[in-house]
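The following blocks contain the structures, represented as structure tokens.
You will see two complexes here that share subunit A, one where it goes with subunit B and one where it goes with subunit C.
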Partner chain A sequence: MSSLRILVSFKVTPDFEALREADWLAGAEDDAAEDAAHGVETRYVRRVLNCFDESALEMALRLADARAQRGSATSLGALSVGGKETEPYLKTLLALGYERAARVEPEAALDFAPAVVASLIAGYVRQVDHSDLLLLGCRSGPGDSGTVPFLLAEALGWPCLTQVLEVEPLPDDRVRVACLVDDGLRRVTLRLPCVLAVGNAVVSQLRVPTLTDRLARKHAPIDVLSGADLGVDIAGDLRRETCVLTGLETIDRARRGVIVGGATPAAKAHALFAAHLKDLVEKL
Partner chain B sequence: MRFAAILDGTTGAAARQAQALDGFLREGLSGDLAGETLVFYQDDRDKTRLVESAPTRAVRLIKTTVRRPERLVEVLAAVARDEEISLFLFAGGPAGTELATRLAHRAGGAVLTDALSIAAGTGHLLCRKNTYSAHLVGRFELSGGPSCVTIDASWNDGPKPELAEHDVLSDTDETGGPDGAPFEDVELVDLPSSGDLAEGRFLVVAGYGAGNREGVERISKAARRMGAAFGVSRPVAMNAWAPMDRLLGVSGTRAAPDLCIVVGASGAPAFYWGIEKAAFIVALDTDEHAPIVRNADAVVIDDGVAIIEELAQIIAAASERD
Partner chain C sequence: MPLTRESIVEGLQRIVGPEDVITDEHILVQSSVDNFRKLQNIFDVHTMPVPAAIVMARSTARVAEILRFADEHGVNVIPRTGATATEGGLESAAPDSVIIDGSAMNEILHIDAYNMQATAQCGVPLQVLEDRVRELGLTTGHSPQSKPVAHMGGLVATRSIGQFSTLYGGIEDMVVGLEAVFPGGQVTRIKNVPRRAAGPDIRHVVVGNEGALCFITEVTVKLFPYFPENNTFLGWTLKDMATGFAALRAVMVSGHKPSVARVYDPGDAGIHFSHFAAPDDCVLLFMAEGPAGIAKATAEGIAAVVAGFPECKPVESAYIETWFNDLCWDASKIIAEDERIRQTRNVNRTTEISADWSSINDIYQAAKARIIVEIPDITMMGGHSSHSYINGTNMYFNYFFNVVDVGPEEETDKYYLPIIGIICEETLRLGGSIVHHHGMGKARAPWVKDEYGSSYYILETLKHAFDPNGIMNKGTIIPK
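Let's turn to the complex of A and B:
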């Protein structure tokens, strides 16, 4: 294969750790009301790349680098099902060497609709991108279903591996992949096309583009598509969803939280040991 | 309603699957449901062991040759087509997610992963699962064709199944079937064991509040001195201050120690899920407003690295005295 087309699909999510306790409570309470739109108010929270997708984006760059060293060409594309909040990330990816950048306007909340998301990505792969390799994170919030990679594999008729930790290009149209399975680490060779869903990979941070690269690709276009462009009836598919979120509950994790005091760190450590740990440690 | 629990005896994880399914069937599943276990196996010598570990009395054996989810999905899709089964239940993990998702897609059913509980209603199932990185539990209604559900990893640490009797209803050979596995040169490598994390009785955890790699190493050293297993939160692993196999939480290991000391981790739910089964949690943190403070049994507000080093000295001295 002379030029390999890799597509990375990613999601931009609210930083859930930045939400206040009160927002979670309100999200669960609003939800108890009839006809409430399910979900938590996250509009004011900063956005982050889903961590597994970030690994996938960097892994694709490294795959392209490794192939370039052998004189093989790679064309990288990035796709996100999401609104305008994805565009700064798409611009960054263009500056990093991604040639194609696109987003699909979701039209409705798709956080708990993995089947619709998978249809949109599959539609893009088949009708627009004609990719050879599809990389994405193994799961993303808030739904955390982990099903999108396999739904894509079913829609495309491609093999799929999840919990991928490493991908190494081989000289032909195959890749060598390391992935976690239920009983260990599996290394396999597979022929493209395929879907690879990235897990807790060591490659976890996306590189940062230089200002020169940013300026050079400043005017590179971002394609914006609709469900209809990809042959997907988003509203209809949502109505036909067979797994529907009906409510949210808070989780009570509170424990006693006894604060141990003392004048110095050493005094506090001694007080902690005497009051709480001595008996426990003896039994261990 | 009828359910089928799937035990994949072609992997080395079958015993853990059986344990999780058994616990879930007894405590996580409610409503008018009766079912059986479909046991996949490759080697006749494994049959007795697999049948004995099955979480239901009724067992159906299915022989397959290749360790390939694709083949298992084809067999299950045929079962879904021919029989009135409302729920296919899988243990959690990558293989369960793949089987449940692909089967739901082919059988026109619903899929839900990592269920905390399932209640059977009239014509539908109500499932609960963690959402928003374990900040909230979501309630989901599953309807349509057969529901394909994997169970949450929190069911992995239950007691071993003790069902005394089993009735083997059938033993079918599905070793023929179309081949065409997309994988070549398959090699299964044992992972560097993180069993000490999952099974250790005393655990020390370093969070981002350790400040840097040196801070994490000091905590790890203190853990060794106290004879504790050592784990980290995701930001620590992401910064490569410790290896990924030390990761605790939703995307890593779930531990259930008698004592867990958390140093400088704010206690974000995705992390806390990994330690919530600990019998006693101590938090060492400079931030008195961090969630971990409310979610720990005892707390010291101070420099956690300094405190854990002091504690290591005290505990080492105490064990020498013994």
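Let's turn to the complex of A and C:
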């Protein structure tokens, strides 16, 4: 029976939804704000899983479940480039059946350093995990370069598919992958290894372990590595990064509304059609 | 001879016209439950009797006519406004029920800044009223998490409480006067005066009646000056709830009046505060508000009291302020939560009780210990105290479980009701009240006699006196 090694790389991010507009405005005005990464003070909001990574983590579990039904074994690992704030998430993943959990201490703010992040993940795959399949979100909130999966695939010399929406198991450790492309959905059969960058998938929520599951894996270890452990000079590589935050500005997303008048619902519907819909319909 | 479903609809149409009687099957099915059986709506699997109709109340006179019709023909009616109930109060427990929907009675009738009171129809969303009075530098002082979605009539009917209750009180402390319609169509108005000693306070027949006695059409609530610029937040981490309750009590009995006073256990703190609290930390927090001098003195006084508990380690106030500003549940959060449940079958439920300072920690510990052992598939069992008084506090049990091996429609029987049962048993055994602010609904009605003891006589007599034909929200507060 073959055992497929899957690694999911994830990021824990500030919950930007919990920030008020005033926090963003203050960040835009004050370049000297304490958070060197992007001017906006995010220390005070709770942390959440990057939503695309959350999809990737659940998709890996479902892939393992589907392979188990076919009698194929799968070994799941989870990695985060992040500080201690990632450990509660790694413990959750261990309780959910991930066998390996590791984090790489970032040593510096890496939100605008996708090449450094990619080297750390690639170093972990090559030197520690020896995974066959790597899943991660196609983008994340802070920094949001969307380039880590590509840089990672290049560093590993693996193919990379982006905007992945579904992954299904096939015999012989191949996988069938559905990706969103410009003109529709493309289904591809892949031999491994490869990097899959998960997009806006229907599967967006990570399952939740029971207290019993947590207790059973309470003592499972979390490996903590440094850049040096993986042969990466984080400080040196950071100096070579080319992306620098120079400022922030507000995007006006306010919606304009029009109140349609009329004495009856029918009159309002006529007015709406005549003033706003008729031209659109005629263009169809 | 009870009316047929068709006759009920025809009778209502004669009163209000066909356009205000909703008979769309999908809407009726969705309206057969509230958040108590929310999984039935999330998964579209329904087991409750489908209401005969929803009738829109557009005036007090119309409500009177509808109730006269219902009383005459023995039709069960379910009053509702914002439809945000959590305890089954809006469930159609009887066949061919009629929902009287007050959400279209949504006019703010009067804001009296001189006498510091505002009068609103039952369907005015609290958020709308609050936004309007804030333009005048005032506040209702009422801020439940449901503020963006709940309406004034429902808030009064369920004896709601808000996040600033420790300063402003519950809705019962805010209601000045009101208008309500009783079965048979009797319209009653309780006048707006600062206080009176002209016999029993009859407002309390209406406040908290949960639609089991009458339909609330209009309420007048107090207004307060609003000083958001002086809001001051304080927070600490600590290692056990016994110390947390002791610190809360020390603040409450010291003469200080925080508007928010809370303590979270490690499980619940893990959901809200994991960015600054360790996994085994409890979190104690306060908010002081009011005129600058009072807010400052209150905050300093609270800090001095908590300093007497060296186990409590202070945290930066910005952590508490940022969290607090994102606490209310708007429609987008509700939709996101439903989607989370749909995908994971992991369900979050809450049950709130109250007790004096001597008993609250024992209730918390006893209920939590039993639930973890007796209920399967629990993923988080925790809670917090969020409303404190001179003589005690509440406990808001917050728990999550996976729905395993049963359909979504069986979630209440397999998990939710057994958990509620444990919490009610332990609370009653240790002398607390089984409902702090969500209302009895139908979920906790089975425990009503134990909750009331010998005073159940008063409750039962009220029900018989005002609703002799038993048409008002059958099964709510008093079981069928």
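One rule holds for everything that comes next: the second predicted complex is superposed on the first by the 243 of 284 C-alpha atoms of A that agree within 3 Å, B and C clash if a C-alpha of one lies under 4 Å from a C-alpha of the other, contacts with A are read in each partner's own complex, and residues count from 1 in each chain.
As a convention for this text, a contact is a pair of C-beta atoms (placed from the backbone, for glycine too) under 8 Å apart; a residue touches a chain by one contact, two chains touch by 3 or more.
Nothing here was measured: the structure is a model prediction, and the numbers come from that model.
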Identify the partner contact of A:Ala68: answer first if only subunit B is touched, second if only subunit C is, both if each is, neither if none is.
neither
According to the stated criteria, A:Glu85 is in contact with first (subunit B), second (subunit C), both, or neither; which is it?
second
Figure out whether A:Leu206 sits in contact with subunit B (first) or subunit C (second), or with both, or with neither.
second
Subunit A residues touched - subunit C or subunit B, whichever exceeds:
B
With both complexes superposed on chain A, which partner does A:Arg46 reach: first (subunit B), second (subunit C), both or neither?
second
With both complexes superposed on chain A, which partner does A:Ala109 reach: first (subunit B), second (subunit C), both or neither?
neither
Could you tell me if A:Arg20 is touching subunit B, subunit C, both of them or neither one (first, second, both, neither)?
second
Under the contact rule defined above, give the subunit A residues that sit at the interface with subunit B and also at the interface with subunit C.
17, 19, 204-205
List of subunit B residues in touch with subunit A within their complex
11-13, 16-17, 70, 93-98, 100-102, 104-106, 109-114, 126, 128-145, 147, 182-191, 201-202, 226-227, 234, 237-238, 240, 244, 247, 250-252, 258-259, 266, 268-270, 272, 276, 280-282, 288, 291, 293-303, 306-307, 310-311, 314-315, 318-319, 322
For a test of understanding, state which residues of subunit C touch subunit A in their complex under the given definition.
270, 272-275, 279, 316, 318-319, 321-323, 325-326, 339-340, 343-344, 346, 372, 377-381, 400-402
So, in the complex, the side of subunit A touching subunit B is made of residues 16-17, 19, 21, 24, 27-28, 40, 51-52, 112, 141-147, 150-151, 153-154, 159-160, 162-163, 174, 176, 179-191, 194, 199-202, 204-205, 242-251, 253-260, 262, 265-266, 268-270, 272-273, 275-278, 280-284
So in the complex, which bits of subunit A are touching subunit C?
17-20, 23, 43-47, 85, 88, 203-211
